[in-house]
Each structure stands twice: as C-alpha cells, then as structure tokens.
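Letters A, B and C mark the chains in the order given here, with residues in each chain numbered from 1 onward.
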Amino acid sequence: MLSAILSFLPRAVAQGIPLLYGSTGEIITQKSGNMNLGIPGVMYVGGICGVIGAFVYEQSLPSREALVPALAVLIPTLFCLLGSLLMGLLFCFLTVTLRANQNVTGLAMTTFGVGFGNFFGGSLVKLSGADMPFLALSATSNCFKKTLPFADKLGWFGDIVLNYSFLVYLAIAIALFASFTINRTRTGLHLRAVGENPATADSAGINVNRYKYLSTCLGCMVAGLGGLYYVMDYASGIWANDAFGDRGWLAIALVIFTVWRPNVGVLASFLFGGLYILHMYIPSGMNLAVKELYKMLPYVVTIIVLIISSLRNQRDKQPPQSLGLPYFREDR
Amino acid sequence: METRVATVKMRNITKTFGSVVANDKVWLDIYKGEILALLGENGSGKTTLMNMLSGIYFPDEGDIFINDEKVVIRSPKDAFDHGIGMIHQHFKLVDVLTAAENIILGLEGKLDIKAASAKIREICDAYGFEVDPNQKIYDMSVSQKQTVEIVKVLFRGADILILDEPTAVLTPQETDKLFAVLRNMRDAGKAIVIITHKMHEVEDLSDRVAVLRQGHFVGDMPTKETDAQEMTNMMVGHAVTLNINRPEPVDPKPRIEVSGLTVRSIDGILKLQDVSFTAMSGEILGIAGISGSGQKELLEAIAGLQPVEGGSICYIEDDGTRDELLGKDPLRIAEKGITLSFVPEDRLGMGLVGGMDLSDNMMLRSFRKGKSIFTDRKGPRNLAKRVVEDLSVKTPSIETPVRKLSGSNVQKVLVGREIASAPKVLLTAYAVRGLDINSSHTIYDLINQQKQNGVAVIYVGEDLDVLLELCDRILVLCAGKVSGIVPGRGAKKRDLGMMMTRLGGNSNV
Amino acid sequence: MFKKKEPLFHIVKRGEMPWYFSWGVRAAGIVLALLCCALISTLVTSENPIGIFATIIDGSFGSGRKFMTLLQNTSMLLCIALALTPAFKMRFWNIGGEGQALAGALASAACMILMKNQPNAVVISCMIVTSLAAGALWGAVPAFFKAKFGTNETLFTLMMNYVAIQLVAYFSVVWENPRGSGNIGVINPNSHIGWFPEILGSKYALNIIIVALVTVGMYIYLNYTKHGYEISVVGESERTARYIGIKVDRVIIRTMVLSGAICGLAGLLLVGGTNHTLNAAIVDGRGFTAVMVSWLGKFNPIWMILTSFLLVFLGRGAGEIATDFGLNASYGDILTGIILFFIIGCEFFINYKLSLTKVSRKEEK
C-alpha cells in the first residue's frame, strides 16, 4: 500500500504540472477580464516551439557529446516562450485592439495552435527520417530531466519532494509568485480592478489595455511552458501528434476549480493529476471501461465547484466581473 | 469677510450638448472653509457645471481659476492635481476589493496596505468618518460606499470637494452623519460644494447658496440672509405660460386605487412609505417631486415590475369590479384583460429594444396575440407606419433600428406604441425629457387625447410649469411620502416647490 | 507640443452601414486570408499559388465522392451551428455543442446495440426520440443553473463536453467489438438495424436533406415565430423582456432544450446516417467550429450555409494540399485558423473606423 502511494504521488505531480502551468497562465489572463479559450492551442504551440528549438540545436551539433546542457535547456525554452508570446499577442490584437469576440477568437486559436503543433510535429518526424510516428529528443530531454543529485538518496522524502526536474519547481514558483503578485502588489491590485470593473480602473488612471495586453501575453508564456514541460520532461522528449490531448481544457477547468487562485492551483493540480491517473491504481480488475469514468472526475468536480460557487453567491468566489467582455471607453 | 479670496473662480462657463445649452455664461466662486450649496431644479445644469470642474467635461467657453491661476482641467487626474475631487452619484468602486484597496487604486509606488490603512484611519479620525479599511465594498451599505468615495478623494489630498446629490441614497440618520462630517471638513478649511435640490439640506448645512435655473446663474447669497421661500422662487422662477390645452375631465370614475403602498429598495432603503391615492378615469394625475422621491418605484409597482413590501393597488372596472394588481407580473395583469400601458423613464433600456427596428418594437406589446406560433408581422408594420405618419417620426424607414433615431423620435415611437393598445390606464415617466418644444406638444396632445377617451393617466413630470398646465390633479411626493394632492387648476408653482422639498409644504416647521 | 501625447488616431463607432459595405469588408477579409494562405502554402510546398488554388478546389470538387463528402461535412457542421444559434441570439454562450451532439450520438448507438433484435422501424423511432432527448438534457442542465443561479454558462457547457466524451469512451469499452479492441466497430454490420435508409444512391443524401430542412426551419423559427421573437428580446435586453412580461428563465431553458436537441439530432445523423459506429471523436470538434460558423454568419441561418461551406471547403482543400504534397494532415487546421483570424479581425472595420482628423489639423500648423 505504502509503495503504491509512493509511486502514485510523484506521478500525480508529474501529471499535474502541465495543468498547473496552464491554469496559472489562464488565471493571470482572466484576472484582466480576458477569457482566453485558446490556451489549449497555446500549450500546443509552446510544446512544439520547444521541440523545434531542441531539434534545431540537436541537428546543428556535430555529435551528441558536443551538447552543452545549459544551451540545450535555454534554446528550447526561449523558442517556447517566443511562440506562446506570439499567440498571446495575436489574441490581444484581435480581442483588445480589434475588440473581437473572445470566445470565438479563443476557439480559433485552439484550432490553429493544435494544428500548428501537429503539423510541425509531423513534419519534423518526417525530416528526422524516423520510421516511427514520433520524434525523440532524448538528449535534450535528459538535460530537462536533471534532478538534484542527492534526491534519491533521501528515501521516500526525496522521492516525493525533491526528485523532480527544475520545470516542476519553476511551475510551483511561478504559481506562488503569481499569487503573491495578484494579491499583494500594486500591479496585482490594478490588474484585479481592470478585470472587475475596467471603467472604474480607467477613471482611476490605470491603462486598461496595457494591463490586458501584458497579463494575457504573460499568461500565454506561462501556459506555453506547460507544453514544454510535457514534451521535454513528462514525455521524455518524445513528440507524438495529439499526445498532449485535452490537458489544455483541463487547465481551464482547474482555473474554475481553484476559484482563480494560483496558489491553491499548486495542490489542486496535483489532485487533478491524481484523478487523471487514478484509474491505474484502482483495483478495477480487467474492467477497462471504469477507467474512462475515472477520467471524467476532474470535469465533474469542476462543474460541482462552479455550481456551488454560484449557489453560495459569495462575492469573492466569483469569476472576474467583466470576464469575457470587451472594454471600449466611449461605450460607457 | 469681504476681503477673502475665492479659491475657485469659474467665469463665463458655457457648455452645450448638441442643441441643448446646459450652462450659459455661468459665474461661480467657491471659498475655502465654506459649504456652498448649488441649488436648482432637475436639468438646471448643476451637475454639468461641476463635471467641468472635476475633469469629466471640458467647457466650450469660459475660464477656470484656482487660487487666481488660470488652469486647464482635461481629466479627473488634472482635477486631482489641482486638489479637486468629486463624489458622483454613481460610485466608482470595485466591489470585490476592500475599502483601502479602492482608495489607493491608481496611485503609484510600493503597495503598502498597512501604511495606507493607517493614513485612512488618520483621515477618518480627523473628520469623524467610520471606515473599516479591510471591509469589502460588496459588504457595505450605500452610505458606507459613499464614505469610501469621500475618503478616496481626501486621501489624494483634495481640498475642494464636490458632492453630487449625496443624500439621495441615504437614510435621515446617515444624512445627519454625513453633514456632521462635512461640517468638520469645512472647519478644517476645505472648500465644499454640495449639489442638491432639497431646501432643508441647504438650510441645515450650507453657508452660502448659489442658484442655477435652466443653465443660467440666478444668484448667490449667504444662507443666513435668505429663506426657503426666496430660494424656491429663485429656483423655479416665475410661472411660464406654455399654452398647453387642458380639457375638462370626462366622467371621472375611480380606476386605480393605491393604499398604504410601501416599497423598499434592495439596499433596504424606504422608497415609498404608506402612499395612498386614487387615479380617476378621464383625468390626468400628475406626480411631482424632486428626482428619486419614489416616482419610479410607484409606477413600476403599478405595472407589476417592482416587489412591494405592503399595501394594495386595486384596479376598478367601470362596473365596480375590483382586481388586486399586487403580486401580479405584467403578463398576469395583461391576461386579466387589464390594458395598462407604461412609458418608462429608460426608453431604450426598458421600453424599447434598441437593436430592433420600428415594427419589431411595435410587436413587443402585441406579439402574444392569437393562438398561432407565428408572429403577426403585418399588424405591427401597419402600426409602425401609422405611428410614423401620425406623430411625424423622423426615420429613414420603419426597418431602421430605433437606437439610430434621435431622442424625441424614440419617445414618439414608444408613446405611439403604448397608446395603440387602447389602454385603460396610461403610466408615463418623464415623457418629454430631452424633447424639443414641438415634440413635447405632440406628446401632450396625445396624452390629452387619451384622457378624453376615458383613460386614467398618471403623468410623472419634472417641469412644474407643465404639470400645472396639463394635469387635473397633482400629487406631490417628498422622500417617498405623499406631501399632498392639489388640484391642477389654480395651484401655485411656489406651493408645489415647497411641498416637494418639505412634507406638507409648510415652511414654518 | 510634446506635453500631451495625442494618439495618432482615435477609434469611432460607425453608424448604420449598408449591407453591401459590411459584406464587402468580409469578402475582402476572406480574399486577404486566401492570399495569405496561398503565400504560406507556396512557401511550404514551392508550388505556384495558382496550383495551390487548383488543388484546393480539387479537394472539394475533384470527384463526385469528394463533392458528396463536402456536402455531408458541411451539413453536419451547419446542423450543429444551427443548433447553437438560438442560444447565441439569446446571449447564452453555448460552447457545449460537442457534448450535446455526443450525447445524442451515444443515445442512438445505445438503441442500435441494445435493441438489435427489434424491428428496424421501432429502433429508428427510439433512436430519434432518445438522441434528441439526450442532447436536450445535455443542454438543459447548464441552462437550468444559468437561469436560476446565474452560473457561468460558457464554462459549464465547456465542461459538459468532456463529461460526454468520457461517457462515450466508457461505453466504447463496454460495448467493444471485437473484445479487447476498445472500439465499438460498425454496429449491426449485417442486419443494418438502425441504419438510415440510403436515398438517391448515397448514404449522405438523407442527412443533407434533413439539415436543409432544419436550416429552413430554424430561419423561420428565429425570424417568424413568437419563440424566436422572445429569444431576440431576451438577448437584446433582459429588462425589456421583463417589462413586457416575458419569463426570462423559462425562455433560457426552453431555448437550450431546443439547442441541445438539434445537437442531438446531429449526433443521431452521424451515428445512424453515416458512421454506424460510435467513438469519442465522432463529432470531430465540430461543436467548437460551429461556434465560429454561427458567429461569422451573424446568427443568420442563410449566411451560415455560406460560412460552414467556406470552412469545410477550405479545410478539405488544405487536406488535399497536404496529401498531394506529402504534408501533415493538420495543415488544414493551420489554414483554417489563419482564415478565421482574418475574418474575426475584419469585423472591427465593419463596426469601427479610425479617425485621423485631429492629427492632420496639427500637422497643418
């Protein structure tokens, strides 16, 4: 039993980290009043851009030994951030500057992003000349997967708490930092005001559009890192089309589940990760079907949270008030 | 006293909106250590004038001097930089943030809620406010929100405060508290302007009073040297003859009997208290009162749109059958066969659908008719054509969305539709607001026609001259209570003005 | 002069524009999008742009079969878009079309599997009833909570999609055939119980006709019935709706039942009419694409025929480019995305204009 828990927890964490990146990014975005349903696409773009960066770097090397670990990490990360930043700029340009409908724009971005990921993924597979339908970047992945050297010497504590790669700790750090910034700094205060009541924020001299742009782009970059983590760490550098699945939507579910609080997202994402893989640990015998029902759990739980929060009608447990609405000063 | 210098001087300020002149060459001085009451009827230009001082509007003409220095105020931020802060009727607060967070919103520097809270407490102690810096806005009453707005202005170092009808949303106890605070601030050397049209507040609070009438500056004087009668006279002016036709009521019979009606707003404020009256068929009952005295609630309660705390509203048919209207929504009232028409104050937000064309808007009242699942388009289209023709509505076509029409044409469409259903009762709220003289007369004629057809008309108006010439009887509301019901023929404008500002209108209280 | 930064231009809302202006802007947007797509395709494939366009057209009109597939895909996408439209007109963001259609598909597959020994007519009747009911239920649940408690419908309907997907995945294993495959496979392959009849020599024809009827029906429903009128009023202004005595919550629930039921119909047509099987990917993201079809068609069923056709046509054309030039099949999604961005962006120029007057006056000095 104990050994089952010991093997379950790290896997739940590993499953949860992409969701944590995604939901932290989406919370930062939504706090400004932008509902970016393009996050699943952004995460695909983040992942594939990292893959492209790694691929380009690996191909440029004369031999495997020439790989510089720092560069092997830095290049894909920069590619990933750049790719997701461009997606964020696109969303902002369409919804903030051109005031397009956010839902429609977001869904179009998801279509585009997933297609973009699969297209380049598939093309790279072909370029690499592999006979399998996936691309393996194990050398780069090994750099991403570096853990603390002494972690596995510390018994169960090391396994559960210390034995992760840097992207895991980065995700937690970003979530906690985002939480701190939103709740404890002036920037966060202004951001919340923009998402709640842009007209009031505007009259207080806050530049509404700038906040929307910054938070959405930043949110997209954070979410993109989730895609990068998934390919480089979780999947050990193997890109296979559609393997990322619907984790992007799960990240959006997590936003609601945590009632827009990134710090809660840390533990909640592990919970979601756990629910996602729970079916492997439930003694369901040979009944594979039940497994699919377990995968439904995160969504059902999210719906219940959504309903309860609207039933209790607690004012600080609601979506930002102007979520999804464009702001045009002269409309007042 | 004569040698003191005004801290704000407004000279020759003119502001027009389209063809409406809101302020015409207004002069105004504001002194430190003094509470100035800016008095005037609705639409006399008080708020517009103060909005120009606080950076919401920019004057078309004229100059503003602060401490003898000519200034240009383009935005609320410019106003703050000159130490001017205004508390608007609609609060600009973010609900889910705390008082302290709202107060420091938009300022720069490191976020230090503790230091800010300390400064807020300091301000509160200095003037006698009660604000909990950590309380969320959504947990606050209206008066607490207003306090936050005032502290917000003081926090930014304002020493010229403008309050736009601050007591409209307050209970009497809260009003007293506010006044005490305002006196403290005056004694601390701040300049305070309070916009109001309530006479007793002016007498209670102000040191000096300035009166505006129809965009013009009428005069100012120390409050001590004047009395309510004189101020009312300055405010309403002399009766103007409008030449509105007033036929004799036709066979008046009780139609709507309201008794003991009491309405409370969601915030728990009494909007109507024990209101009783009877509206007769074939007569126009005018409702007078300063804005927010419960007119809106009264009409919406009769129309079945307003939850009511107590009382009754009875509809009486010609044969004496009585139907209780309370507890019925508009649909149930219509199903009872009671044709009740309502021209609400908010024309595009409630009476009409802005995005729909004329004939679709005509359909709002009639679309349910008949058993067919399809809507009858012909009737409404013909009605739209008829309304356009009869009321000379200026529109490119009847397929134009009503949002694109001008204010007076929108109103004609709305009134045209409401009287087309041959109502037994017609409720109108500010039917001629924003309309030019010709359009206004069209509306008066329509209302008179209805009256002669035996309709019981309830006409809520703001222009006393119109009420005096149009209505058969006038009910005056004061702070949600009936201040009196007077016959329209022979009533004095000044008496009405006194009744609006003081229950019963007795100036000797 | 540099004391106050004046913006280069400011944005002004346009007044009423004639219909040809707005559709002209949209057409220009599409043309620009196509040029952009051709440019990208040229870069990727090094084929000349004219060849690219020829390939796109070939993808849809190259053969009778391709053309029928085009029509079938268009009709399925249109069907879901039609279902979502009344909800959108009511300002209810139903992005749960995917789940509602899947619920319908699941119900009809269940009938086919569980009633395989019943007469065909009985099975088909049951399929129709249950799939419409299942879709309606999937739509009614979020509507109920929106109407009664104001629960955010966008997020609710979105989550309902994945509940439906997992439910279908569950039954895919329960009813798997052959054992261990995890797939349902073709249902009743020999008896054809629950299969819709082929008419006009094509299994697609019936679907296309039904959707054509739904299109006309929806156009009439929205524009000529009392229900449609109530939907418009609620969408435009809830206060006005209350003022004239419309029960807003009832309208919300009723409309979402209809919306869900038509999505269920799409699921029924997919299972009974064309695929004769069930899997979680059977709706193929149309529930999401339909949101864009409906929005781009300005919630007008007739324009939506065009927008759904355009999206399917381009998607298939891009697919054809992908196969012809050995590209990845996802190429179509990229092109679709680009075209959507252009069309979404061009709406701005219909509703607003940039005004440069102030700056030019300054420069004259």
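FYI, a contact is a pair of C-beta atoms (placed from the backbone, for glycine too) under 8 Å apart; a residue touches a chain by one contact, two chains touch by 3 or more.
This is a predicted model, so every value here is computed, not measured.
No other pair of chains has as many C-beta pairs in contact as A-C. Put simply, the chain closest to the centre of the protein, by Cα centroids, is C.
Averaging Cα coordinates per chain places subunit B and subunit C 47 Å apart.
One inter-chain figure worth recording: subunit A and subunit C are separated by 27 Å, centre to centre, where each centre is the mean of the chain's CA atoms.
For the pair subunit A and subunit B, the distance between C-alpha centroids works out to 50 Å. Interface of subunit A with subunit C (complex): residues 35, 37, 90, 93-94, 98-101, 103-105, 107-119, 121-123, 126, 241, 246, 249-250, 252-253, 256, 288-293, 295-296, 299-300, 302-303, 306-307, 310-311, 313, 319, 323-324, 328, 330. Subunit A makes touch with subunit B in their complex at residues 184-186, 188-190, 192-193, 196-197, 199-201, 203-206, 315-316, 318, 321. Contact residues of subunit B toward subunit A in the complex are 76-77, 92-97, 101, 104-111, 136, 138-139. Those residues of subunit B lying in contact with subunit C across their complex are 74, 303-305, 329-334, 342, 344, 346, 349-356, 360, 363-365, 367-368, 373-375, 377, 400-401, 404. Per the touch definition, subunit C reaches subunit A in the complex via residues 11, 13, 93, 95, 145, 149-152, 154-156, 158-163, 165-167, 169-174, 182, 285, 288-289, 291-292, 295-296, 326-334, 336-338, 340-341, 344-345, 347-348, 351-352.
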